[in-house]
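Submitted below is the structure of interest, expressed as structure tokens.
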Amino acid sequence: MANYDGASLVKMFKAIATAIAAQKEHLCELDGKIGDADHGIAMALGFGAVSDALSELDMDGVAPTAVFNMAAKSFLNAVGASSGPLYATAFMRAGATAKGKISLAEGDFVAAFQAMAKGIEDRGKAVVGEKTMVDAWRPAAEAMAAAHAGGADLAASFAATVAAARKGAEATIDMVAAKGRSARLGERSRGHMDPGAASAVFVIEAMERGLDLSG
Amino acid sequence: MEKTKKIINGQDNVVEEMLDGILAAHPQHLRQVEGSARSIIAVDGPRPGKVGLVIGGGSGHEPTFLGFVGRGLADGAAIGNVFASPPPDPILECAKAVSGGAGVLFMYGNYAGDVMNFDMAAEMAAMDDIDVRTVLTTDDIASAPRDERDKRRGVAGNFFVFKAAGAACDKILSFDECERVGRKANDHTYTMGVALSPCSLPQTLKPSFEIAPGEMEVGMGIHGEPGIAVGPLEPADAISDMILDRIFEEMAPARGDKVAVLVNSLGATSLMELYIMNRRVKQRLDERGISIHATWVGNYCTSLEMAGASITLMHLDGELQEMLDHPCDCAMFRVV
Amino acid sequence: MEKTKKIINGQDNVVEEMLDGILAAHPQHLRQVEGSARSIIAVDGPRPGKVGLVIGGGSGHEPTFLGFVGRGLADGAAIGNVFASPPPDPILECAKAVSGGAGVLFMYGNYAGDVMNFDMAAEMAAMDDIDVRTVLTTDDIASAPRDERDKRRGVAGNFFVFKAAGAACDKILSFDECERVGRKANDHTYTMGVALSPCSLPQTLKPSFEIAPGEMEVGMGIHGEPGIAVGPLEPADAISDMILDRIFEEMAPARGDKVAVLVNSLGATSLMELYIMNRRVKQRLDERGISIHATWVGNYCTSLEMAGASITLMHLDGELQEMLDHPCDCAMFRVV
Amino acid sequence: MANYDGASLVKMFKAIATAIAAQKEHLCELDGKIGDADHGIAMALGFGAVSDALSELDMDGVAPTAVFNMAAKSFLNAVGASSGPLYATAFMRAGATAKGKISLAEGDFVAAFQAMAKGIEDRGKAVVGEKTMVDAWRPAAEAMAAAHAGGADLAASFAATVAAARKGAEATIDMVAAKGRSARLGERSRGHMDPGAASAVFVIEAMERGLDLSG
């Protein structure tokens, strides 16, 4: 059973930054339909700043908590927008679950995902079904927990997690937004995927890729 | 697709470069908080014993927010990226810089991103023993039904709301009073607008949304958030009537009441068009026996180069009128 | 072709309706001359013994000209159709209304149509024993070579020229002195601009000219008259440099000299872009050791909804600086 | 030999108004190339006002001078722009040549055309070759004089006049503008017909049509 230290989390965040940069335009287009067309910009800016900040870190023995906290802080200060406090809170909460650990065991990801989902829900005062990134993060966190409880290894757990996030994001298409900028659209928000849910899928996919789960 | 033309250098530094240009133009009015480039405060505003007023939000709405920083109005503004809330840090730095020990009011448009960032800054300010209260502007009557006023967005009417609260602060009213005036000003302010053509973010240089030829978007948000309806472009009088009818319905003004008027361009719409709308505003107010205390027409809250306009009425009583008339001296706006 | 969207009623009454809206918004500042709807004068400006200042020209450049009518600046403005000179009659009526017996100055941009109409009005005023002198604004350095300055057009810089002459008149200087200050102000004022996208007349609702994707027109006139060159759209700094280099070449400022700066939008170009340009203006002036006495940034002389911007420098001496600083109180512009 | 009274001049002006209204867009387009795109608007407004004003006239025994003067005044007050004073001056001068006459004889048109061309030249301080309406009006006036001197009747004189105006307008295409708004374009003004010259042709053609020269 593999363990993931601070350095591997840095690699994970860099993978997220790369993935999001590639989806910048696509996410802006999604946001253009029901929001203000800047979600790709915000996310790319945020994870770009995370990646830059983490490059400055001394990797030698860096604690997972420190990586999450630095990610939270740099994301927050780079972004503004809704996604800023939402992801910053998610990473801060994830960091808290890793407090005192020098690396994350497979099971620690269950706690981290739960904390991230909860952090986003708390900060956004949102629940599943309101057409936000919560609709990807909450099922993802549940899938991770269920897979782990069922004895799956981290690779299999992540596969389930990604699948759940995707399904959750797809489900936002049919929803009417109740939180965030698009909430004012009422029925006009239906028929489009929530950009924050869409980007959550790219984030979680990139985590899977960046963590080198084959190890 | 054809790229939208803008006079910019690169897409990444528009806000920094704009701030440099603003500070270069208005050194008598504005300065940066040391070490916090996105926190701009009035040279001659904050002072001990006065409630500090911090406004802010995304860039791209100029002269909102920076233009309204100055003696008699806001003490500071935290500046976000284009159409994005500022992060908590510059908000906090503004709060620290303008705090005169009597409390700090945060006032900004009601958008999820801004609320989350300003709330985080307020939590951080509390740790620094700065007492922060928040008044959200929610003047966009098209953005939610009347019974959900607290869900509405803040748009051009925040100009009136900030002005009134800024006057209260400048008069050294108590924290309670300043907050009360701010809330009251917001409750008395009603805005609705139409958009004719879209804007493009500097980062994408392509229209953030589409409005078909011959059509307009009714109630569109100032970041291009879709409005409540799409319809054929109407003549100026019909547009003004549609807006005023909705405003009157909510405001329920009585004969003899007084209002202040703001006819605002979203960017590309010309003064000629705004004044044509204002002609109708005056006719309709005259018809109803409502008197106009003051009228502002121009670019007050823009959405980059979006074409379109909004009408705001502030329903005045003696107090609000006094607050609007109170002198202020800002970089881009002055009452003498 | 797709029609340009405008918030108007019909194409025929745009100017009348605009004027109604302006008078409705600014009753403290502006009033119509009885019986001459296109002659607008300052409520509190003209007075016995004072040289009267009449400005004017086509509509579509708002806040030019009407915005600059008020105590301390122009006494009256004659308003033409969109991009067309006013006929002699309203000009004459303005002259009569503002004449305080000390002479009347006509100041307007140097365009053939305006010159012919104002000249006819001046001839008619002479028959009414009103002594009229004319100072043309010719600040557009792109519109003719330096040795043919009197062929140049008047563009955004007329704001500075009117301001200086208006101050001279308000200080009750003699007719000779007012005229001299006006001419001197014009001689010290240099403007150049670029256009990015065209405007459409309300009567046609289609672009009056074309600027290809990715291109800009250098030195375009404020009515869309073709400029001196067409080229690829450059970054803000390069555009500012190109304009400033030409201005510096003509103005030949020495280290230690003072200027006033105007960065003007032709209509659709946003404050964000103007301030980005102003950042460069400040850098370039700093480099040369030229100090900035004051900076104005915004919509001062527009061309309907054209996109583009101009930079104006006024080369100051003590006298011109005093004239710019002199208080004025106009509907759309104030110096306190 | 026919005589033309005030009423027939009214008819003539109405014919001009109709012709110009039909060419409004075309003239704006020409002006868009080298000017400010409003020449059609100005001319249509001007002759529209002339036509409206003349409709108010009591036609019974109205003098040609009165018709010309009313045309001048209404054109001037309607138009502004360059064409306003130019045509107003032209009509005022034409009116002066008709002073005291109750109708115009064929030869009187020679004087009227000379006066109009001269009025435009004086007001605009322009001469032939500067790419203005003078390039149509001056040769038109000369052709009218020459034809009349050569014994042509008014119909034939007008035919020569129209032809000369057309030729003059065509010739502006190759000119570089030296007067008016387009004078600042230098070489860039070459290659386009001057809008004022173009409209002069429509005006003169309509005069020919409106005067009922068959009489």
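Chains here go by letter, A, B, C and D, matching the order in which they are written, and residues are numbered from 1 within each.
Keep in mind that, in the parts below, a contact is a pair of C-beta atoms (placed from the backbone, for glycine too) under 8 Å apart; a residue touches a chain by one contact, two chains touch by 3 or more.
As the structure is a computational prediction, the values presented were derived from the model and not from experiment.
Student: Would you mind checking the shortest number of contact hops between subunit A and subunit C?
Tutor: The distance in steps between these two chains is 2.
Student: Averaged over CA atoms, how far is the centre of subunit C from the centre of subunit D? Could you give it in whole Å?
Tutor: 32
Student: Could you grab the centroid distance between subunit B and subunit D? Build each centroid from C-alpha atoms only and quote it in angstrom.
Tutor: Distance between chain centres, rounded to whole Å: 54 Å.
Student: How many angstrom lie between the CA centroids of subunit B and subunit C, rounded to a whole number?
Tutor: Measuring from centre to centre gives 29 Å for this pair.
Student: Two-or-more-chain contact residues of subunit D, please, as numbers and ranges.
Tutor: none
Student: For subunit C, give me the residues that contact two or more of the other chains.
Tutor: Within subunit C, residues 82 contact more than one other chain.
Student: Which label fits the chain touch graph of this model best, line, ring, star, complete or other?
Tutor: Shape of the chain contacts: a line, open at both ends.
Student: By the document's touch rule, what are all the touching chain pairs in this structure?
Tutor: So the chains that touch one another pair up as A-B, B-C, C-D.
Student: Note which residues of subunit B are touching subunit C in the complex, please.
Tutor: Per the stated touch rule, the residues are 2-3, 5-10, 14, 17-22, 24-26, 59-60, 62-63, 194, 196-197, 202, 213-214, 216, 233, 235-237, 239, 261, 263, 267-282, 292, 295-299, 302, 304-305, 307, 309, 329, 332, 334, 336.
Student: So in the complex, the part of subunit C that touches subunit D is made up of which residues?
Tutor: These residues of subunit C touch subunit D: 58, 80-89, 111-113, 116-117, 119-120, 143-144, 151-153, 201, 203-204, 208-209, 221, 223-226.
Student: Help me check something: in the complex, which residues belonging to subunit A touch subunit B?
Tutor: Per the touch definition, subunit A meets subunit B at residues 25, 28, 32-38, 41-42, 45, 76-86, 123-124, 179-185, 188.
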